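Got a structure for you, written out below as structure tokens; questions coming shortly.
Chain IDs A, B and C follow the sequence of writing; residue 1 opens each chain.
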Amino acid sequence: MNQDIYVIIEHLQGQVADISYITLAAARDLAQETGGKVLGVLLGQNAQELASTLAADSILYADHPALAEFTSDAYQKTVASLIGENEPRAVLFGNTSIGADVASVLSARLSLPLVSSCVKTSGGKLTSQICGGKIMAESELAETTTLITVIPGGYKPESGQSETAPEVILFDAPALDDLRVTLKGYIEPEAGDVDISKESILIAIGRGIQTEDNIELAEELAKFLGGTVCSSRPIVDQGWLPTSRLVGKSGQTVKPKLYLALGISGAPEHVEGMAESEVIVAVNMDPNAPIFDIATYGVEFDFFDLIDPLLEQVEEAKEG
Amino acid sequence: MAKIVAIVKMVPDLVEELEINEAGTGLDRDWLRLIINEFDNHAIEQAILLKERDAGEVTVIAPDAEGVEDMLFTTAAKGADRMIKLAGDLEEGANNHALARAFAEAAKPYQPDLILTGVQANDDLDGPVGPLVAEYLGMPYVGYISGVTIEGNKAIVRKEYPGGLIGEMEVTLPAVLGIQAGEEPPRYVAISKVRQMMKTAEIDEQEISELNPNGGVIAKRMYLPEAAKRAEMIEGDEEEIAAKLVAIFKKAGAL
Amino acid sequence: MADTVTEAKAGFTTKFYNSLFEVAEGEKIKTCLQCADCSGVCPFGYLMDFPPGRMIAWMRAGILDKMLDTDSVWMCVSCYACTEVCPKNIPLTPGLMTRAKEELLLAGNIPTELQSALEFSQRYGNPLGESPRKRADWTADLDFEVPIMRKAKRPVDVLWFVGDYASYHPRVQKTTKAFAKLLHKLGIDFGILGPEENSDGDSQRLAGERGLFEMLAEKNGKAFSQYEFKEIITTDPHAYNAIKNEYPQLGIEYPVRHYTEFLTERIEEIKPLLKDNGKKKVTYHDPCYLGRANNIYDAPRTLLEAIPGVEIVEMSHTKSTSLCCGGGGGGMWLDGFQWEKGEVRLSDWRVKEAVTSGAEILAVACPYEPPRFEDSTKTVPGAEKIIVNDILELLIGAME
């Protein structure tokens, strides 16, 4: 086993995902402890140029038609053979629709230990966030290659980006025949709706909003503030807002000037999509809601008691 | 007629405050209130929807935990055909690697075409259960699924990516799918139906032969996050709070 | 095949019809005159595909299965207006309408908002989805201790059944604390169940979830049986109705009174404590489950009249014709659904009547009401200055 830290680079439709930059930053932090190098693992077809922005010592690149777009089976096979041959100290994945499909399977296939939902790797301590952000768990690298999935919160994407392109080392993908999972195509999100990732003012609503008709209240507030309404997962699952308004894991990542979170508890799945907002104002009745740990301003109050005076005063301020 | 297995577990209910055990290495389980993993509930709904659409048989497997029988009877009332409770030394909670091995062993005899489970759970410290089960059974795995159609020996699935993008994938059966959301939200069943099930349906209790946690990380320390970087709290009555918020909105350029 | 379907459908009507006889005086359904008074008096009748009268007509025609495909029965707020006005005294609210909701629920035809309230009730013992461990948290900032039975470990005179909204809703907690203060001032020997208390279940029952009601009632019955007390008192007319009229059918029998009855009995003790804080015009809203369902009309007014300076003015709908706040029979959990159907709120209608009455204060005696009516005072023109207070808050206000 060597002391290098591998990072599986995620890309979709020709774009490197932010989580991979965050994961590179986490890998660098960990490599300082192990004394090894940071190596990005890029799988694709004619995708070599995606390596250019990655802050890694070098990039291991495999080019294969079956790797053109992500599918779990092909990625699992390729990464498994790479780990088997090189035995790095640790392999980091995003805890995402791509990374999580691969990491757990490899843990079972290669009998390697897995630490998931890791937010920080400083000093060799792997700090995971579980139970909706209410519990932190600390673990260490195992004696064998350790697989780690990373969630946002501990590192900024900028720290994993580089102006100078790293060296690219080609490696051969294993035989990728008889794949059991294939991509038929992409279905683009419903067009025509606003792109919340480009909005500068967002009014976000969560489970605490309770009923569908209360969305009107948020809409009204958004109108006065010149913003757009978005939400956490439960609201979209109920069909109260379209998927295009979802913030967080499997939704949009947003960085508005103002993020007003109404009745959102702040589970990591949501936080990872909005933590980079400039000013976060959270209104929640639960004083222990994790959202207060990342918000700039917190209001421990019943949204329903607050909304009317707030609408009134915002309207006054707008007119005055 | 598809044979579907839904794999389900109970997780800490976050409506309660969580406590750490005396050793500082795990959750204090005396104080824990458990609830069905929300994503598993979606997996059950998806399984029932598939059964209703294409005919089939649904088996639900869950490890023993407080409240698990009520949960299993509820799934029976929703339309599950068979309920299995896995018993073993589970008081202190088992990691997902141990559970996945037990799930795989329990699911195998039913020769499922499709195994559905929640894409994740709030207490996953060693990765989600689904991909582990898939690998122990030698089946393919795809997670973050929000729609499933069975076509012969294939499943056409909708895999969710950030930004609302959907990848339509074809998966060879048998396979394990990690469900992000069922095609419909989990349905409600009247308590009377659940109570009826408690009288008529049977839960098959199966002993787990061995709980092997290898591959799952052991936490050296667990703690509640410090509130150090907490938000600046705005106090007052609703009018005062509203006034302060207006000032913040102005500063942020929203007014 | 077609014949089997027809038979099954006709079978539904017959089965449904027969099930109505299981309700007390249920057989009176046979005497329906089709006068349609019920549908006319129903506050949401004009929005229903099947108001009570039509439901009976279709039942007689053997085609009531069509109702299962509609959802407007969920507009029924179980306010007893139809039952009150029926010339043949048919138990329309507890029988026909509640049975209809039960059938819709069994058929899986249930609005999502209601679904989560029912799931919460099952899981946490309250429809708000709050932690049951926090049920007595409202007592924390009182300057005296509210005894919790499990800890007090002694018999008490009065077991106070606090109820869901009274325990958890921030606005209603003000009323709850007022009652605690009043009991304390009067030196009443009382206790509460705290985390052992579950939702009374009555509104869940009237929203068609009979099984859930029974489950909750059994839990409360078990808690009651563990302690010694002389009677149960509650501020919640829904809990009062459940414990008085429904729990005994499940073998859970305890004397119960609403706080208005309990305090009226002590009115001579209370009067000397009340100060004259100036003249006030007060109108009183009869809650459905105190008034029509249980015929308590005088006790609340006696309490109000005891407050120096209070002049009672009545609204156009009063006592047995009182208008529902919209929260009964599951309405508390169907606000969005109701709004979608009709873009109206019953509480708005009621607050308009309060404005017309010229009252400065809208007095209430049910925990569902303060939040609903306060919301309406913010939107109904001319209602901005109306103060919504539970009688308990007015009593405590007159003592301070």
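Heads up, the rule we're going with is that a contact is a pair of C-beta atoms (placed from the backbone, for glycine too) under 8 Å apart; a residue touches a chain by one contact, two chains touch by 3 or more.
Predicted model only: the values in this text are computed from it and were never measured.
Q: When contacts are scored as defined above, which chain pair ends up with more C-beta pairs, B-C or A-B?
A: The comparison resolves to A-B.
Q: Could you tell me which chain's Cα centre is nearest to the average position of every protein Cα atom shown?
A: Chain closest to the assembly's C-alpha mean: B.
Q: What is the distance in Å between the mean C-alpha positions of chain A and chain C?
A: Computed from C-alpha means, the inter-chain centre distance equals 46 Å.
Q: Averaging over Cα atoms per chain, report the distance between chain B and chain C in Å.
A: Centres of chain B and chain C (C-alpha means) sit 36 Å apart.
Q: Roughly how far is chain A from chain B, centre to centre by C-alpha average, rounded to an integer in Å?
A: 20
Q: Counting only residues that touch at least 2 other chains, which ones in chain B make the list?
A: 185
Q: Note the residues in chain A that touch 2 or more other chains, in rising order.
A: Residues 238, 305, 308.
Q: Could you tell me which residues belong to chain C and also touch two or more other chains?
A: 112
Q: For chain C, which residues count as touching chain A in their complex?
A: Listed in rising order, the residues are 112-113, 170-171, 335-336, 339-340, 371, 378.
Q: Which bits of chain A are touching chain C when the two form their complex?
A: Its residues touching chain C are 210-214, 238, 285, 302, 304-305, 308.
Q: Could you list, by residue number, the parts of chain C that touch chain B in their complex?
A: So the residues of chain C touching chain B come out as 102, 105-106, 108, 110, 112, 115, 118-119, 122-124, 129-131, 133, 208-212, 214-215.
Q: Chain C touches which residues of chain B in the complex?
A: It is residues 15-16, 35, 185, 187-195 of chain B that touch chain C.
Q: Can you check the complex and tell me which residues of chain B touch chain A?
A: Those in contact with chain A are residues 12, 14, 17-18, 20, 27, 97, 100, 119-120, 122-128, 130-132, 134-136, 140-144, 156, 158-172, 175, 178, 180-181, 185, 214-225, 227, 229-234, 238-239, 241-243, 245-246, 248-255.
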